[in-house]
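Naming follows writing order (A, B and C), and every chain is counted from residue 1.
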Amino acid sequence: MATAAVRLQRRTVGIRRALAPIAEARGMARTMLWTGVGMTLVFVLLAIFAPLLSPYGFDQYTSGGHRFAQLAHPSHAHLFGTTVQSTDVLSRIVWGAQTELEVVGLALAFGLVVGVPLGLIAGYFGGPFDRGTVLFMDAMFAFPPLLLAIVIAFLLGGSVNSGVLVAAIAITITYIPQYFRVVRNHVISVREEPYVEAARALGAKPFTILRRYVFFNVVQNVPVIATLNAADAVLTLTALGFLGYGVQPTQGAEWGYDVSRAVSDAASGIWWTGLFPGLAIVLLVTGLTLLGEGLNETINPVLRRRSIRQVDFAAPSMDAGAELLEA
Amino acid sequence: MTAVLEVRDLRLWYGTARGSVRAVDRVSLEIDAGSVLGLVGESGCGKSTLGRGILGLLPEGARADGEVLYKGRNLVTMSPRELRRLRGPDLGLIFQEPMTRLNPLLRIEDHFRETIEQHDSKLTPKDVRRRSLDTLGRMGIPPTRFRQYPHEFSGGMRQRIMIALALVLRPSLLVADEPTTSLDVIVEAQILRILADLKENFDTALLLITHNLGIVAEACDRVAVMYAGQIAEEGPARDVFADPKHPYTRELLRSTISLDTKVLHSIPGAPPNLISPPSGCHFHPRCPDVMRVCPAHDPIETQPDPDRRVLCWLHGPEREIPEGGTAPLEREQIAVAEEA
Amino acid sequence: MNQGSSLKRYAITRLALVVPMVFILLTLVFLLMRVAPGNPVSASLGGHAPPAVIKEISHQLGYDKPVYVQYGHYLGQIIRGNFGTTISDRRSVGSIILVNGAATLELTFFAMIVAVFVGMLIGLLSGRYRDSPLDTGGRLFGIVVYATPVFFLGLLAQLIFGVWLGWLPISDQASPITQALLQTHTNIFFLDAIIDGNWSALWDITQHLILPATTLGIVYGGVFIRLIRVNVIRTMKEDYIEAARARGIKERSVVYHHAFRNALVPVITVVGLQLALLLGGAILTETTFNWPGLGHELYIYLQNRDYAAVQGIVVVFALVVVAASIVIDFANAFIDPRVRY
């Protein structure tokens, strides 16, 4: 007589088993994982609650009728100072978080939706489709990723209006080969496993095999790759912004763009216009990387370390004594 | 004949999150020079740990207690540096899987040169080469292949190279941890012949660890049967096989398949959990001759014959068995899925 | 001998595989550029040129011919080593590569040295002393440093070492005087100064190199740290390591001669793969430090919407990466005897 609780338990066995290592994580891996989660969460909250948290708008340079000071030092009124355009640095950081996460989220979603199925199909079925796709992806790998992103952003910038979309697409295209390759390699190794062979021998249709066995096995790898890619994506996005591509200044705040404006300030010794956006980038990417590495260490068995407890030779022996004999 | 190796009351435990794994739980044995002691048991009984532990080659988290006397010196309390110096010229280890035991980036020549020079740096390169080729030659590896890489050799040849590497410094004690398990039968015969040869020509004391009773019968002078971290029985190989004293040994022999086998025999149940082994005699849940005293008290080692030892209540000592202890134990059918 | 012939066979096979790849690359770039909206000629002329002029130049450059003809023309040119001519200032891309490419080469080379050095040093120690404070520090350093955008680190470096401390120059490849006096041999300033024996010029050039190369190198060194560390950990678990210990090899020898050496083998491959990343980073570094390299030129031509120039430079970048990966594969085959097929 299975109760609802037991049925739920049975249904979630797969997920719980996959997540189990996270609970067992010890030492370094655990610290990294949760620190990463914390840091990333801060920015996620900033992004979601930007309208509430930010003192001013991202391109706001007046308030109550009078214009903000230009290049003002950090002060009570402007905690991180102001830029040459009299915008508030702190506000731009907060709104910038929204921009970053928006673009990266989109890019990840696109990349997964395109790259993972491609990898699954190419890896499982092989043949000319596989060979052609691999050749194509390898060719794309030959491009420096940033270069590719720049060119694509450049080409799309004219026709697509939303800078966020432009940047997202540029980043997606740059990372698809990576998703593809990882998924494909994993599928190939899983494909040869005895249990998959057995399923085939029992007459299972390819799609069923893909869905039941291959997909879940492969999907385990994806969170780690996605998180680490998210970190790279942020760097790519800010690089695009630095060079003036992707999100345009009129469409939103972007940290990389802010740093590029700050380069000319540096000669005059003005540091706050560049330092804070730069730090924001470092912290967000570090958070994402810690999260990804933490996940990697907990899930990946090669790097995993089982905890060791001290041996105590003086522990009581197993001699049950005379009690058993009485029975 | 003096004993090259004397193990006294050795305990080798691993620390894990769920408790200490008692891989070796008070083991004593002796090996004389030129003698071969076979160590048999099922997978997971602790024989590999024993073999490695004797040489001090355990992973982190393992602790040793007791004595391992090599020519009178206790290896358990020795400093790591002294122990390292003994490895090679005095102590040798042959591993189970030869395929991965050689550095793929180094030639065979480099492996030998390093081993010899680390222990005897005064030899000239020509001497080093000569000794290496000499030992390799005895293993059937021609000098022309001295400068080749490991991946150019088959599994059997790699094992022979490993044996040569272990022997090149003429150790007095050699531990062979399932040296032929991953090799085919023909190669196995070659390797065994080599090991027998050791006894003849080098007077090496050999501890041969295996789960294959046939090998023991063929190549060993004495045999020790291991179960759940303890020595169940020990004695001259021929005698133990002809007249096994311990029920486990008896069942093991009955399970061996030969051309006469008509019905497959197996021992019910599974090897015990070494973190919390069964109380009293560890074998009692699976023993066909179990008595009431068996789960209650740890068995005491006795010598049913002058040259044999056994750890079983069936062989006494009588005076230690409480009233009514020798009555057979009633129990329900053993659950087949007894977890390990 | 055995080694020589198998290496040769490997070389031929590897080169043969490259041809289809390069072909696809060139096609990709061609298509990308044709996807661009608008007329490439009018865009690069600033959009203000009279239609007649646009038509004339389009005809001259062959943009009015059907696509497949342009494609054939394009491939033909590249095989002959002609990467085209820029539209905005009529320079041959080839000459741009020679002059500016050399500057990028100089920057990337020294940056790579810094990256490998930093990566090896910290990565090896981190992996060897796993989970110790040294390891934690090393890993954290690697992560934070990689999280730092190269342009931000450059900005900080300029602020600290250029503006506040005044120790080092913050832009250009060399001071104007040095540039005027330096004889051109290879276009790589560093080498040219050595060839000339001009030590004061060399010193000036080195000073200009330090900030950009170190900035770029440190950021990408962060990636090496992670990779080398993982390799060291993995290698230390290998069976042959245990076997070496069982033969009584000193721990220090085990670590240096077996573990580190084997752990570094894949690093060669990684260096090759990193080259693509490094070139991308070079674009950013050159823009930050006003370094006259290919990346900087690309940036300017992009601003000017000069498609021909962009096409030419992108092709060069991609071909360089492909060439580097071939070299890396050879080095790998040379070092690891198992690789040669």
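Here is the rule we go by: a contact is a pair of C-beta atoms (placed from the backbone, for glycine too) under 8 Å apart; a residue touches a chain by one contact, two chains touch by 3 or more.
Keep in mind it's a predicted model, so treat the numbers as computed, not measured.
Peer 1: Looking at A-C and B-C, which one has the bigger number of contacting C-beta pairs?
Peer 2: Most C-beta pairs in contact, of the two: A-C.
Peer 1: Which one of the chains is closest to the middle, using the mean of its C-alpha atoms?
Peer 2: If we average C-alpha coordinates per chain, A lands closest to the whole-structure average.
Peer 1: When the C-alpha atoms of chain A and chain B are each averaged to a single point, how far apart are the two points in Å?
Peer 2: Chain centres of chain A and chain B, defined by C-alpha means, are spaced 50 Å apart.
Peer 1: Just how far, in Å, is the C-alpha centre of chain C from the one of chain A?
Peer 2: 25
Peer 1: Find the geometric centre of each of chain B and chain C from their Cα atoms only, then give the gap between the two centres in Å, rounded to an integer.
Peer 2: 55
Peer 1: Considering only the defined contacts, which chain B positions touch chain A in the complex?
Peer 2: That would be residues 11, 13-17, 19-20, 60-63, 65, 276-280, 292-293, 295-298, 322, 324-325 of chain B.
Peer 1: Taking the touch rule as given, give the residues of chain A at its contact with chain C in the complex, in rising order.
Peer 2: Residues 27-28, 135-136, 138-147, 150-152, 154-155, 158-159, 231, 235, 238-239, 242-243, 256, 259-260, 262-263, 266-267, 269, 271, 274-275, 278, 281-286, 289-290, 293, 302-303, 305.
Peer 1: Which of the residues in chain C come into contact with chain B in the complex?
Peer 2: For this pair, the touching residues of chain C are 238-240, 242-251, 253, 257-258, 261-262, 265, 335-338.
Peer 1: Residues of chain C touching chain A in their complex?
Peer 2: Where chain C meets chain A, its residues are 20-21, 24-25, 28, 32, 35-38, 131, 136, 139, 143-144, 146-149, 151-152, 155-156, 158-159, 163-164, 226, 230, 233-234, 237, 276-281, 283-284, 287-288, 298-299, 302, 310, 314, 317-318, 321-322, 325.
Peer 1: Under the definition above, what is the set of chain A residues touching chain B in their complex?
Peer 2: 306-313, 315, 317-325
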